[in-house]
Amino acid sequence: MKSFASDNYSGIHPEILDAIQEANQNHQISYGDDEITSETQKLFEKQFGKTDVLYAFNGTGANVIALKCCTLPFQSVICSEYAHILVDECGAPTQNIGCSLLPVPTNDGKLTPEMIKPFLNRIGNVHNTQPKVISISQSTELGTVYSINELKSLCNFAHLHNMYVHLDGARISNAVAALGVSMKEATVDCGIDIMSFGGTKNGLMMGEAVLIFNENLKENAPYFQKQTAQLFSKNRFIAAQFKALLSNNLWLRMATESNKMAQLLASKVKDLPGVLINRKVDANAVFVIIPEEVIEPLRKLYPFYEWDAQTHEQRWMCSFDTTAEEVDEFVGKLKELLNVKN
Amino acid sequence: MKSFASDNYSGIHPEILDAIQEANQNHQISYGDDEITSETQKLFEKQFGKTDVLYAFNGTGANVIALKCCTLPFQSVICSEYAHILVDECGAPTQNIGCSLLPVPTNDGKLTPEMIKPFLNRIGNVHNTQPKVISISQSTELGTVYSINELKSLCNFAHLHNMYVHLDGARISNAVAALGVSMKEATVDCGIDIMSFGGTKNGLMMGEAVLIFNENLKENAPYFQKQTAQLFSKNRFIAAQFKALLSNNLWLRMATESNKMAQLLASKVKDLPGVLINRKVDANAVFVIIPEEVIEPLRKLYPFYEWDAQTHEQRWMCSFDTTAEEVDEFVGKLKELLNVKN
Amino acid sequence: MKSFASDNYSGIHPEILDAIQEANQNHQISYGDDEITSETQKLFEKQFGKTDVLYAFNGTGANVIALKCCTLPFQSVICSEYAHILVDECGAPTQNIGCSLLPVPTNDGKLTPEMIKPFLNRIGNVHNTQPKVISISQSTELGTVYSINELKSLCNFAHLHNMYVHLDGARISNAVAALGVSMKEATVDCGIDIMSFGGTKNGLMMGEAVLIFNENLKENAPYFQKQTAQLFSKNRFIAAQFKALLSNNLWLRMATESNKMAQLLASKVKDLPGVLINRKVDANAVFVIIPEEVIEPLRKLYPFYEWDAQTHEQRWMCSFDTTAEEVDEFVGKLKELLNVKN
Amino acid sequence: MKSFASDNYSGIHPEILDAIQEANQNHQISYGDDEITSETQKLFEKQFGKTDVLYAFNGTGANVIALKCCTLPFQSVICSEYAHILVDECGAPTQNIGCSLLPVPTNDGKLTPEMIKPFLNRIGNVHNTQPKVISISQSTELGTVYSINELKSLCNFAHLHNMYVHLDGARISNAVAALGVSMKEATVDCGIDIMSFGGTKNGLMMGEAVLIFNENLKENAPYFQKQTAQLFSKNRFIAAQFKALLSNNLWLRMATESNKMAQLLASKVKDLPGVLINRKVDANAVFVIIPEEVIEPLRKLYPFYEWDAQTHEQRWMCSFDTTAEEVDEFVGKLKELLNVKN
């Protein structure tokens, strides 16, 4: 089976799997005091400059650790109404930290300073939770990518008002590939305080990394990681995967490829009758409205998710291992269902 | 490097690693709706009978999920003063659930109904947290193993007083191997309500499974798993490991071997001068008091943990990959340091 | 000073103060096992039929206890965007329980089944928090009152979908006075599962009562009350206040009077130039837009709150001790500032 | 009924009740921005020097606020095995904050630096909760009183190891009366960082005050108070009680009297046959072992609590309104039951 459902339907990139095998030598000190973890730390610093790195098993774990570093229970996190932390984590951040999430309506999944301003009048009012974090996803849950300027303006605004910026980077590699800059330019240099660097959706077996750039947020992070049940005894096996991901530009090669496949897919369907691509295709996701009657038959070939049951908007997600042939076959089937000549 | 530090210093058993590789085919539905997870469910039921299975990334995650299924925040969990949930998880159960842990002093790491009785007078008193769970570790943190009768008597007592029994089975395979009964006889049949089945310390790359036998505890478990950041998108890769573990008695083969190595180690040092084995060697751990001056030089060869800095009691832990040669070399070095002729 | 700021600017009704004094005899068993608490229980049951009663010190305490009885941390509470639990309690319900609050936009502060429907598709999806409670305020934060039919239809809808209805009754007396029915008809008989019965805003020195009608919610309530720091050692002094409130229709006399004053106030200003009463005046609050330049001078005479800084909508709240003379004086000043002849 | 059960069986001191009545004039700004609260602040500073004051409804509320100011969820609070926060608050601190309480065995209810030392080796170990607060009760739950030197030595030790000292002062007035020093000398000057100043058990209708001396702990306290459901809208009525308590030495007069009654009671029973006073009578509690057969008949006259069902140790607590006549009558009855000639 291949799919356009999610980049977590895919498996492990062969270079990652090789790294796991290679790490399987002898005994190693547990909980991250091993050599592979130490080497991987250097690779992270090569990409991002000075940073604390804490591994997490999954995206929810990474987000909870990061938000724990930033908030006290009476504070709140401002995020898009589509944010993964808000709608896809069964309330884990709120349950674990006690803080409230404040959703902001948005058309393209992106926040702007203008949208945050109304929350400023809560500051200092003991009856309100106190806004402390702006949390953004890059690329967003709608497949869009913040520009460098948008990031900088958001970070400046946050810091001006004594808030932090958290970046949920489950798909940060796709965003950075799309922006055509370095990892550092797209994150630390914009003013991001803390972020997760996604692995699972970009070819790892499993694993995310929380990167802490702001010195104020570092002190307690290891305790938060442990208490969130994210500290891995055999840490070398997660570090080894990131070591491979950060070597030979594997992260960039994979992200570039999945982005390219999304562009290919979008270009091939955009002019088909009854097909509407209603969001910008910035990264590896294509959001598309298609006629109701073709959804089920098409989905049988390659599974995908319906994003909006009302409008029949579908989400087609490309993965590191999506091939041009698969795109062709998929589009061919769609044309057939739409009675369009191939 | 090899070590007697912890069974989590070891790597991945080759059969487990093969299983990961084999699972790396095509795309699969995420979050456990894949075929491998489904096959592994059957293998669990073959061992334990009817059970709900929820995977967790690590032992802390598994324990938190299990205790969440059993407790409300005003309830309390009675456990040994040495319990992993009490002393080694940075307060994760308490922080995640809000419930209190009530430690019980014990010489051998095991609880008895007699030790629990004093807590019964709290029941119904609104000023006290309400005892709801007896949590035991099998094998215990002191390397001892509850007998079948001890388990049954504890479970009967718990159920009589409207409490649940949680079994932290990070090393359940070692215990069952030692008892010489089936998995089912050593758990469900004794009345255990919920348990974790440890993988990481018995040859897996990573992974634990929460097994729920008591029907009352099943309904909300998947939400607790998700909210504890333990739901794995690419679940096939954890299920595949358990599939291998439960196939061809791999769990038993590995546990039997590490238990055997602990016996060998104990038998070879027990009569050495200045050496005192002060706890029963039931499973894969040897607790031993050795002269202070030999600790550091011995530890250089094979790392291990000091259990008690006051008495110089050491913990030597055998792993699935500990060999008789390693035991010999280690004992040889000890003798040398003790000036005992080999 | 007198004010139209809030019904919590007022003091203690003389009959309530007398009751406190009268209760100050001898010693009494603490934590609610005293005679006065027992007599007050009977008075509550006279009003509501069979009910569990738990006292709380303030509204936030009462709401937290009630929501704790209804929810587990992975569940969510649906409420109006204006709900006190959402915007005025510094996130206390979320922090204490771990559950998420899901805000619903509304023009008049009232929820309808239609507004709740979109949340039903979360049910059973482990990635989403599970809707379990519909929380309404009666009267609402916008001064409106749900009709009996509206309440029934909401409760029916909730129960059909396995949800509870929580009623925040900080101003329930005003609502019931406005509806002209009995307390029981306005609450239990509509299907309300659990509610707070407000005292502080209706003449008490302090105190709220959580009333539990649904049998499923009763068992653990005393523990939740204690753990929320709301169990009062000298409980007779809160019970005595409620005893007075529930005697000789004091609650109804006070609520009727403050409602009447709101009607009087509204009727006297509604036709003044530049004055717009833009919400229904159902209970004891008048929401009114007035010219910006008169706000400050008027507020000097009788303090009140600005509800919306953008539109200059003000909230004028009448209290049990608001008099017709005070209304006259206030309106007179407003006319003067508006240059309207008296 | 009068009793020796608890100082919370008693009612309101007449001067306190007068203060409530006097405060019941006009409207006042809510949530503590009123004049009475402002005057009471000055009285607190007269006693303690510069301090932040936050009111709480009850002792549990005060303790939760104070510990929230001091701890993050991965940190722990060291306390006596008898501490109210540990055994009498249904786990409220743990549930509200997430932090763990670490009980220390003690014969007289008092902690010493020596007892805390074993916890120091947890510091910096990510697997352990991190000791951050030493919480003491003054007077203790066993009726004993820390000396000034004991307090200073504990505070010095705490600060040396980067910990705070929290003082649960539910009965601080009794302790200070016993020590014969000023409030300030017995608290701030010893190095106490944060404390509760008890009112309910010393003649108030209800109310405690959290006093924050350490600058580091002040910033977020008002949010913690609000989120713990302890912010009182009609705050003038709690402030007025403290105003009376702090005026004309009322706190000292009441505490001195209840201490005196405890001394009287102890002196009158200490030599009776079968009667053993087995703890120091430092404040207003007498702990006494009496023959089993006299317990129930005696308790019928004046209720009291059995402290230890095994040894038949009873706790007799004197209150501000305990009289010498009551002591006489009680002792007379005891003698009668013991067949001792009066």
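The first chain written gets the first letter, and so on, giving A, B, C and D; residue counts start at 1 in each chain.
The criterion applied here is as follows: a contact is a pair of C-beta atoms (placed from the backbone, for glycine too) under 8 Å apart; a residue touches a chain by one contact, two chains touch by 3 or more.
No experiment lies behind these values; they were computed from the predicted model shown.
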TODO: Would you mind checking which chain's C-alpha centre is most distant from the centre of subunit D?
DONE: A
Task: Pair exhibiting more inter-chain C-beta contacts, A-B or A-C - done: A-B
Task: Separation of mean Cα positions, subunit D and subunit A [Å, integer] - done: 51
TODO: Can you check how far apart subunit A and subunit B are, centre to centre, with Cα atoms defining each centre and the answer in Å?
DONE: 34
Open item on the list: I'd like the Å distance between the centres of subunit A and subunit C, where a centre is the mean of that chain's Cα atoms.
Closed with: 42
TODO: Could you check subunit C for residues that touch two or more other chains and list them?
DONE: 73-74, 89-91, 95-96, 126-127, 223, 226-227, 231
Task: Complex contacts: residues of subunit D adjacent to subunit B - done: 73-74, 76, 87-91, 94-96, 98-101, 103, 121, 126-129, 309
- [ ] Spell out the part of subunit B that touches subunit C in their complex, as residue ranges.
- [x] 31, 72-74, 126-127, 130, 220, 222-227, 231
Open item on the list: For a test of understanding, state which residues of subunit C touch subunit D in their complex under the given definition.
Closed with: 1-3, 5-6, 8-12, 17, 20-21, 23-30, 56-61, 64, 89-92, 95-96, 200-201, 205-206, 223, 226-234, 237, 303, 319
